[in-house]
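Chain nomenclature is as follows: A, B, C and D, assigned in order of appearance, with residue numbering initiated at 1 for each chain independently.
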Amino acid sequence: MAKSKVVVFEKANQPLEVQEFDIPELKEGCVLVKTVLSGVCGTDPHCWRGQVKGMPVPVILGHESVGRIDKIASDRKTDSVGEPVKEGDLIFWVAGHPCGQCHACVIEKDTTGCIARRSYGWSYSCADYPHLTGGYSEYVFLTARSFFFKIPDSVPAEAAIAFGCGFPTAVRGFDVMGGVQPGESVIIQGAGPVGLSCLVMAKLGGASPIVVIGAPPSRLELARRLGADLTVDISDLKDSESRIQAAKEAVGEVNLVIEATGFPEAVGEGLELVKTFGRYLVMGVFSDLGAVPINPTRIVIKNMRLYGSVFWEPKHLHRVIQLLAAHNDTLSLQDAVTHRYGLAEATSALEDVEGLKCVKAVIDPSL
Amino acid sequence: MAKSKVVVFEKANQPLEVQEFDIPELKEGCVLVKTVLSGVCGTDPHCWRGQVKGMPVPVILGHESVGRIDKIASDRKTDSVGEPVKEGDLIFWVAGHPCGQCHACVIEKDTTGCIARRSYGWSYSCADYPHLTGGYSEYVFLTARSFFFKIPDSVPAEAAIAFGCGFPTAVRGFDVMGGVQPGESVIIQGAGPVGLSCLVMAKLGGASPIVVIGAPPSRLELARRLGADLTVDISDLKDSESRIQAAKEAVGEVNLVIEATGFPEAVGEGLELVKTFGRYLVMGVFSDLGAVPINPTRIVIKNMRLYGSVFWEPKHLHRVIQLLAAHNDTLSLQDAVTHRYGLAEATSALEDVEGLKCVKAVIDPSL
Amino acid sequence: MAKSKVVVFEKANQPLEVQEFDIPELKEGCVLVKTVLSGVCGTDPHCWRGQVKGMPVPVILGHESVGRIDKIASDRKTDSVGEPVKEGDLIFWVAGHPCGQCHACVIEKDTTGCIARRSYGWSYSCADYPHLTGGYSEYVFLTARSFFFKIPDSVPAEAAIAFGCGFPTAVRGFDVMGGVQPGESVIIQGAGPVGLSCLVMAKLGGASPIVVIGAPPSRLELARRLGADLTVDISDLKDSESRIQAAKEAVGEVNLVIEATGFPEAVGEGLELVKTFGRYLVMGVFSDLGAVPINPTRIVIKNMRLYGSVFWEPKHLHRVIQLLAAHNDTLSLQDAVTHRYGLAEATSALEDVEGLKCVKAVIDPSL
Amino acid sequence: MAKSKVVVFEKANQPLEVQEFDIPELKEGCVLVKTVLSGVCGTDPHCWRGQVKGMPVPVILGHESVGRIDKIASDRKTDSVGEPVKEGDLIFWVAGHPCGQCHACVIEKDTTGCIARRSYGWSYSCADYPHLTGGYSEYVFLTARSFFFKIPDSVPAEAAIAFGCGFPTAVRGFDVMGGVQPGESVIIQGAGPVGLSCLVMAKLGGASPIVVIGAPPSRLELARRLGADLTVDISDLKDSESRIQAAKEAVGEVNLVIEATGFPEAVGEGLELVKTFGRYLVMGVFSDLGAVPINPTRIVIKNMRLYGSVFWEPKHLHRVIQLLAAHNDTLSLQDAVTHRYGLAEATSALEDVEGLKCVKAVIDPSL
């Protein structure tokens, strides 16, 4: 019986261990994928540090991954958009599985609100069938309910994984607030994968000017390369007042502010940067860090619209692939992958990502 | 030369004085109106108490008024929607005058953001031409730039003025957030004219159930008469936690929450009452009372949309009149006018409104 | 083994035959329903006449049905919106089953576009498992992929079925074009189940005035009872010109026109009735009857928006139930069920519906 | 008294005559502009041929013009967006003047529907004050009700005028239908100024792929230079069927089709090219050429949305200037100005535009 090397997370803060699992037999609708790259998301170190409650350890981490179809059930002839697929094709699969029979799934038709949603690399114990349920693994076993999309030959695996799950998160945020129109001014708070993906979306949509407020310098440099007209380093301008002043002097209040920081204090700062009749897309602060002082009068007096957005759906990942097919010649997102680790080096990967040493780190099981 | 009795506000906290002014001669595009009723808005006592900065005293208060056309310039044959008008017609005029040549007026096409906007009953000194610039007056002189609408015979003046400028404020808020759909659940925070007008809008739009949280009992009684399925008296449930619990037990989280209180603390409370994928319309807190603790994670994790809305435009007042023409047979809004004062009693009117003694108080110059 | 009486459609124009089928054993996720009422949709006679291509006869007709849960698999504890259900509960099930893995299902998130969709009462042969796949039957067997919703005790089965699949069709059309706002004027072309459901939606949303153009008199009478301010009988006004003139004289051009007739010629007529900046919802002409003369300049010069809408999704049926729970006390839709037939009388039901003898006909297997 | 050379249109088909008019004295709010360039719009030859009913001859043609402020009233300190202006500044003025007191202006807040709108270069007789009311003139006299915008130094006058009134028409069309999102596929019918402007808007918004169907070769070449992925020459593919086939083979049905041709037959063709759930923006067929065969079932069965759009508002011209300021470095729209005529050559300009000899022709009074 064929085997797969996997990296197992068992206990907080302990080095991850490489193990070998049997590969289950293929059933109706299933796909066995050979992992090409699995992104190390910024939340992975939090999982590893035990800060994410209720993970059903042992777990194989890795919820943003691309790979090649190794074996595919004979009844599954296409990807989730009806595109024919075959063994050898590069695909990007969706880690999450909505329940399909709840208020969010059926009535809202938006699975980001599914309270019974489970996700590969996160909420499946690898002790249970089908075991190969995370991207830090030589092989991944996709069950019949999985969504996945073919990546066209023109798009490198590195480009697809470069901003990981941050890119579909940004696409979904843009959907939720109606996108940008050419000529709109934008300020993005945060230069992580979500913030940089928002920059790409704003740039592709013709926004101008675009300001990114964040850190560290390596990411701000990438931001400028991707088209930010101005970057503000929060290590230089440490207090909110000075950042507000700098942004206003450079571009004034703007049509659209995007929060992609994770810090609730950023929201109060952002409200100052939105123009009258402007929009504020809030995505970063999904981990509950409690209440902070915010002045709601700004929302009223500036006739503002705010949009909260968390998670994403399969269609947003499909859009990412479409956008890369159309625009990666110019974007060259593969350059964002700065660090690459073998399965045995997964622990170092988590430490380096935690220490903000990488623009993007990936697990490459072939190393 | 014809004269008009007027009530002049000269100095904070001093009794208002009845004076007599000359009526200016009619010019091109102008209309002389004989006031039938002028509403005493909840902000009028604040003006009188000197809490509104920069009022160009002496001022004739009264920014929500209906009256009959006394004289109309021969070149002005219609109201602002093209409806023919003649002497004797009952009209509702718009107090505000946008500048017409600024970013809000020309680019946003939304005069609520016009920073040069001036308003009868508020920002015109009655020492200047055309003097008759507020509703607490026997006559009002509308210049060529004024907007006004004919009130059909089927609508009593009292119904038109019942919720005063609160009704177009609510209409505009509903416009901004796309209105309600039949079957949506709604919680309204606040039972003043804006809150009650929102109740009318929600009811007309088929929302169900509708909860109103506010005070005093007389207004909550009116709320129930207008179709609220449940009212929560904030004098009974004084703390936020207990109100949240009461509302959730009764109707759960809802599709739409509307803030019409003026208290920034209400916003944090409202965020708890919005359902996942729900909306929050924030209108009340337009006076800046500073920052309060708010948890922005609620916005993100519930995929919420927030809409700030302040002021209104002529079209929203026109909608009010249309809605009354179609629905006042059932609504019977005239019943909300509980107190009526002559010009000489204007000071008592301000005091009574300040003391929350009235559902709606009006100045009736014929008394 | 338990048995179910069923009505089988085998050959065009032949009388339907009552047969007896074995009831399959319950599997995971499945539900056995005892039919209470199955609506005779206006398309059912077309099926029977052989005008619907490719039906996999033998077929049990009936795609709009309510019934009581007879047996439910132990792992299925709720309906499709998470509401707990048990044996004996009255439910409304969704006939259609989208594929879940195509462009419409995954990317558009709108299963009305699913090209692999199959439907009970239409596209399942009753020769194949699970056999009990249409509403003209004593029992219906819902597989695990089925959607269904609990009907609250306050809603009679007759009210739920009264406009059959026309009601969710209307709800979906209203969703697609953003609904109506209180005070908007509406003209509805067609007085069948879709047209009458649109009338209910417009009325619940506060539209005024509402005009219905259609036939026969019994339906126009129901339209007036449901709140139409004016009905125009197309048997009286036979040509398009006279109908346009009558409508314009009564209410002028309107904010919203809705086509629910099935006749392509109605579209040209409707374009004349839409106001500048108005909307036109086109739903009836889903059967291709070819091109007709239409003047597209009307669309441009009136700055019009047109919305096509076909079919509906589970969420729209859920909305129907919600609306009935909130408003059927007033609507009393059960009164629309004018004719009731036992299984053995199914052929007569089809003939009567074809002959427009009924407002609504239903199959009641208990007769 | 200062004089201005003007070109006067008096009688259909007669050569235009250069005359000399007195320049009126400046009044409050007024601006005297020295014309730099006035575009020869495709409708100008139709005016000259007498095909536009009711022109109040004598008229100075020219409704899309840029010039420098020669004199400005001391009370007018800014352009229509509040930007300070002074003598010598290059500005783009809006030819149209809405009435400001009608249903479209006040209720719809959309002056494209103003039925009393008048326009320089079109609906003012130059026999009446202020006489200098068209762009084919050395000077133009802007009255106080005129809207105009400053053109930044970085934008050449030629770029601003390159697509004339076609560019704001396109911007408004995009506004009406919500714009494009990055990655959406687009087919544009028509390669005139409106079609090419739509191409610019689609490209700036990240659409991909973009197909332009039109003629002649010089415009299709410009289309490819501006980013069209494919152009289809209607002189090569003369029948609708072959164009539909060519487009579908190249890009399939698309998210967005835009009609910018003026031929009603194009609408039926366009409906075939829209994808299920796609949009169709119809702008070209604003001149009534009557009904043509159209199949409305396409609209329904493809769940399509159609948007009609005609004319534009000052804000759309302002957006044009903003977009040029941000993007003309890449667009280089000035290259589209292929022909330049002095005032005395205005008749030749009309003939050349009529004969489709120019990509863009302009009147340059300095020649």
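Just so it is clear, contacts are C-beta pairs under 8 Å (C-beta built on N, C-alpha and C of every residue); 3 or more make two chains touch, one makes a residue touch a chain.
Predicted model, so just to flag it, every value in this text is computed and none were measured.
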item	value
Type of chain A:chain D copy interface by residue overlap (half), same or different	same
Most remote chain, CA-based centroid, reference being chain B	A
Separation of mean Cα positions, chain B and chain A [Å, integer]	45
Rounded Å distance, chain B centre to chain D centre (Cα mean)	41
Two or more partner chains touched - positions in chain C	108, 110
Contact footprint of chain D on chain B as seen in their complex	78, 80-82, 100-103, 106-110, 147, 313-315, 318
In the complex with chain D, residue positions of chain A that touch it	174-175, 178-179, 181-183, 201, 204-206, 208-209, 319, 322-323, 326-327
Residue ranges of chain D in contact with chain C within the complex	104, 108, 110, 112-113, 176, 264, 267-268, 276-277, 282-310
